[in-house]
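Before anything else, here is the set of structures, which you'll find just below.
First subunit A sits with subunit B, and in the next complex the same chain sits with subunit C.
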Partner chain A sequence: MTTVVSRPRAASAYLPRLVGLATVILALLLAEAIIRIGWISQFIVPPPSEIAASFARLFLEEHIVHRFFYTVGECLVAGVMITVCGVGIGVLMHRVRLLQQACETWVAALASAPFVLAYPLFMVIFGRNAWTIIMMGFVSGLPPVILKTIEGISGTRRVLVNVGRSFNLTGSQQFRKILFPAAMPTIFVGVRLGLVFALINIVGTEFLINFGGLGQLINDLAERYDLGGTYAAICFVILVSVCFFMALEQVERWLRPVD
Partner chain B sequence: MPAVSDSALLKVDAVSVRFDTAEGSITAVDDVSLTVKQGEFLSVIGPSGCGKSTLFNVIGGLLGNHQGEVRVGGETVSGPHKSIGMVFQEESTFPWRTVRDNVAFPLELIGMPKEKRSERARHFISMVGLDGFENRFPGELSGGMRQRVSLARTLASEPKILLMDEPFAALDEQTRLLLGDKVLQIQQQIKQTTLLITHNITEAVQMSDRILVMTYRPGKVKRIVDIDLPRPRTSEIVGSEAFGRYVAQIWNDLREEANRGLRDEEKHALQRGSGTA
Partner chain C sequence: MVKTGRLTRTSAAGPLLSPVTLLRIVLVLALLAIWELLARSGLLYRDVVPSLVRIARALGSLLSDGGYYYNLGVTAGEIGIALLIGGFSGIAVGLLLGGNRFLAKAFEPYLYYLGPTPKIIFFPVMIMWFGVGSESKIALGTLSCFFPIALNVAAGMRQIDTVLIRVGKSFRATTAQMVRKIYLPAMRHPIINGVRLGFGFALIGTLLAETKLSNKGIGFLIIQAYSTFDMPRMYAMLIVLFVLAIGANAAIGRLGGLDAIKRT
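What follows is the complex of A and B.
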């Protein structure tokens, strides 16, 4: 009985993934064909099979694992800074209404600003080292955390605040025991967005200033005109970001209580 | 009734509340006075929008700009009073805490050690009939169960006066009756002095020693009815003849007010409609 019921359900659960995978493979085959035919020059984009073959080289000759951890380290430092400062500033802006009214709009504007363009300024300030990269990630990841912190705290349901008042909570208890925990899920969304922004900008800056982890590797390979390697490295970065994003979503689901 | 002593534990004296809105100022509560004696169960009943929640907030000390005075055991209330425990109309459990930690919240505030407050929390959880759900989160519970968690959380602070604002309004009739039984049981068990706000006549008659009927806009006291039904009561009393008489009497009072409320709302809707046309 159960097998009869569960089999179509299992199939329907896997079907979207299978079709998704099939479309990717199909797209790759199509690209392979178009490039082999010569509609796109092999000197601009190497065929996917060549890119795939280059992956091994990235691990054996280019120490991509080591570079990967370098970038991850930069992201971690930036992530901690984003979380601490973003939540702190968000809380402060919520507390001081004037500050919130005055600054919320331009923080929102900063969230969509292309910070990568400011890299020369950061190089002048911090020099050509990891700090420039980390600070670029930090500045670009900060606005979403600030905004989501404010949103989370001020979005706390009125009745929960009233429960706190009815129990005679002090201001700081009200914040620690009600406002902050109520805002946690929203704050985490902000941190997730911030980390993704930071990752993008960190790899971008590494590429631009030719320093550090994965971004520099892409720059190196491109300058050596190693097209297969360059595209393989780009694919690697994309894979890393996708995995990173999915992992964060998992953590978020796990942290968020059912409501 | 031996459990009810003569001393007034809660005294509301000529309380009025006005709100200034875009359409002018409205009097939500007008010159309401009432007393609740030690151990007594008083219900305040009135049609939707008559100012019940406003009165609730004034007594609970959450609303500042009112006229008149609220006294608890002789002390004038200005801000939330530690003798009053509130259960709110809306769902108010903390979704980030388990049932146990929700109920233990007031115990945590007074700095009770962890072991002891778990034990106390368990006591109140079983009082509202939620044994076995200690480690669940509110999101995993039904609306009725969440409301019981809120009730247990307020009971855990052992308030001298339990103040409830339509705690079961959002529930279906069966759940409401059964929860009513639970509240009656608890009330008989710990002699809890209670002020219940409701718009449900059956609920009010089933539980109360006295019922205060409010008028619609402005919210005044229309009548106070003594409910002389024997205790202990259960939801079975709902079928009795005396019960039916009380319900009919209060419905008579309320019908007028509810009608006025409906007409008033229709008039407002019409005005708004013609205003925009």
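What follows is the complex of A and C.
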């Protein structure tokens, strides 16, 4: 009986997703037709089939897997730096209340500052190499981690802190066993935001300074006027960032406490 | 008769500056002192960290340069148009997705996951579509600000008090009337928040595009200062840009009354 009731419900749950997917496929087919007819020039927008065919070339000739791991490596280094420094500064600001009161608004203001525009400055300081890219990712991803660390530790439930006190925990024990684990889900929200900002800025800087992994590949292909390759590389970067975003969301869901 | 007098404020002998303000001043002064020491130490290449006096001089000459204001106007115009196009389309899409559960489930995941992708990688495509002039920068700015505005408006619309919607429907308001008289006024804050976020993204998108390929605008001036290794000028431009960006962000929030919400 229940299966009879749940079947239409399950079908209706999938219907919107199917409609969304069907619309995307239809749009691609329509684009293919319009470009083939010649209403849109193939020298501006290549047909989707040509873009799909260019993927093989990206793997065989452009070493996209190597470039992907290069970008991932940069993200990893920036991510470790963001997490270590962000959480460290956040904990310090939480511990020294005066410092938090004085600097929290500054950090919030820095979070909205367009750091990526300082990339020429970073190129002068670090040179045209991977460190410029990593540092761009680092500075743009740092503020959310600091802010969320402060928020997470400050938001620890009073009852948990009192339990720690009743066990006569020392300051560092209280931090390691109560405050930090309780703040972990909120801190990860900050780390997730920081990593997303870092990825955006790392790929963006690679593109702008024409150095590194995936961003440079797009720039290279565009300069060679390899239209199919350029569009395929852009699609690949979109795919990578969507997968990255989804993976981070899964980890965040896993860390979130069950109410 | 008891003499009643005016209440007078007792002169509380508190400190002139609060500890927070004092610490802020100390931190800023320490930072400036470290900078100046680094500039004079010779540890770094000359001009990588120019002295504060040279940066201040560059700032002065930048602000008294008419050409700078022309380029600032070009960039401001591009960002304004991008925000206008991206804002209107973002609000329209957000209203559509927020008001229809089916459409939201069908299409919002695409917006949600495309939102955090680096938009600058679309610049080669924008150049092919719109040319090397201002149009491609406006297009990139539009693309950058569209996603946060659409997602914010959609989320905001779902949070509208259902009582307001029922009131509108009980008055048999048409769809246009519902949008004008219920949805938009009730969603003022999510829209302003979205526009504020969108402004930041439009600014970054437009300026990055200018640094990549342009012959006018602030992005062009920054990359020109880099090419001629005029570091004090580059620092000065970045300082002005950061101040303008943070100021405009705060101004949009204030215009929308967001600061009033936080205070209450």
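Some observations on this one:
Here is the rule we use: the second predicted complex is superposed on the first by the 226 of 259 C-alpha atoms of A that agree within 3 Å, B and C clash if a C-alpha of one lies under 4 Å from a C-alpha of the other, contacts with A are read in each partner's own complex, and residues count from 1 in each chain.
Operating definition for what follows: a residue touches a chain if its C-beta (ideal position, glycine included) is under 8 Å from a C-beta of that chain, and two chains touch if they have at least 3 such contacts.
Being a predicted model, the structure only gives us computed values, none of them experimental.
When both complexes are superposed on subunit A, subunit B and subunit C end up sitting side by side without clashing.
More residues of subunit A lie in touch with C than with the remaining chain of the pair subunit B and subunit C. Once the two complexes are overlaid on the shared chain, A:184 sits against subunit B while remaining clear of subunit C. Figure note: vertex subunit A, arms to subunit B and subunit C, all at CA centres after fitting on chain A; angle 90 degrees, rounded to a multiple of 10. In the superposition on chain A, contact of A:114 is made with subunit C only, not with subunit B. With both structures placed on the common chain, the touch criterion links A:163 to subunit B but leaves subunit C unconnected. Once the two complexes are overlaid on the shared chain, A:28 sits clear of subunit B and of subunit C alike. Note on the superposed arrangement: subunit B and subunit C approach each other to a least C-alpha distance of 15 Å. In the superposition on chain A, the residues of subunit A contacted by subunit B and by subunit C do not overlap at all. Within the complex formed with subunit B, the subunit A residues making contact are 157, 159-160, 162-163, 165-169, 173, 177-178, 181-182, 184, 257-259. Taken in their complex, subunit B has these residues touching subunit A: 60-62, 80, 82, 84-86, 88, 90-92, 94-97, 105-106, 109, 137-140, 157. Here subunit C touches subunit A in the complex through residues 19-20, 23-24, 27, 44, 48, 102-107, 109-110, 113-114, 116-118, 120-125, 127-129, 200, 203-204, 207-208, 211-212, 219, 222-223, 225-226, 229, 231, 234-235, 238, 241-242, 245-246, 249, going by the rule given at the top. Listed in rising order, the residues of subunit A touching subunit C in the complex are 15-17, 19-20, 23-24, 44-45, 98-99, 101-103, 109, 112-114, 116-121, 123-125, 196, 199-201, 203-204, 207-208, 215, 218-219, 221-222, 227, 230-231, 234, 237-238, 241-242, 245-246.
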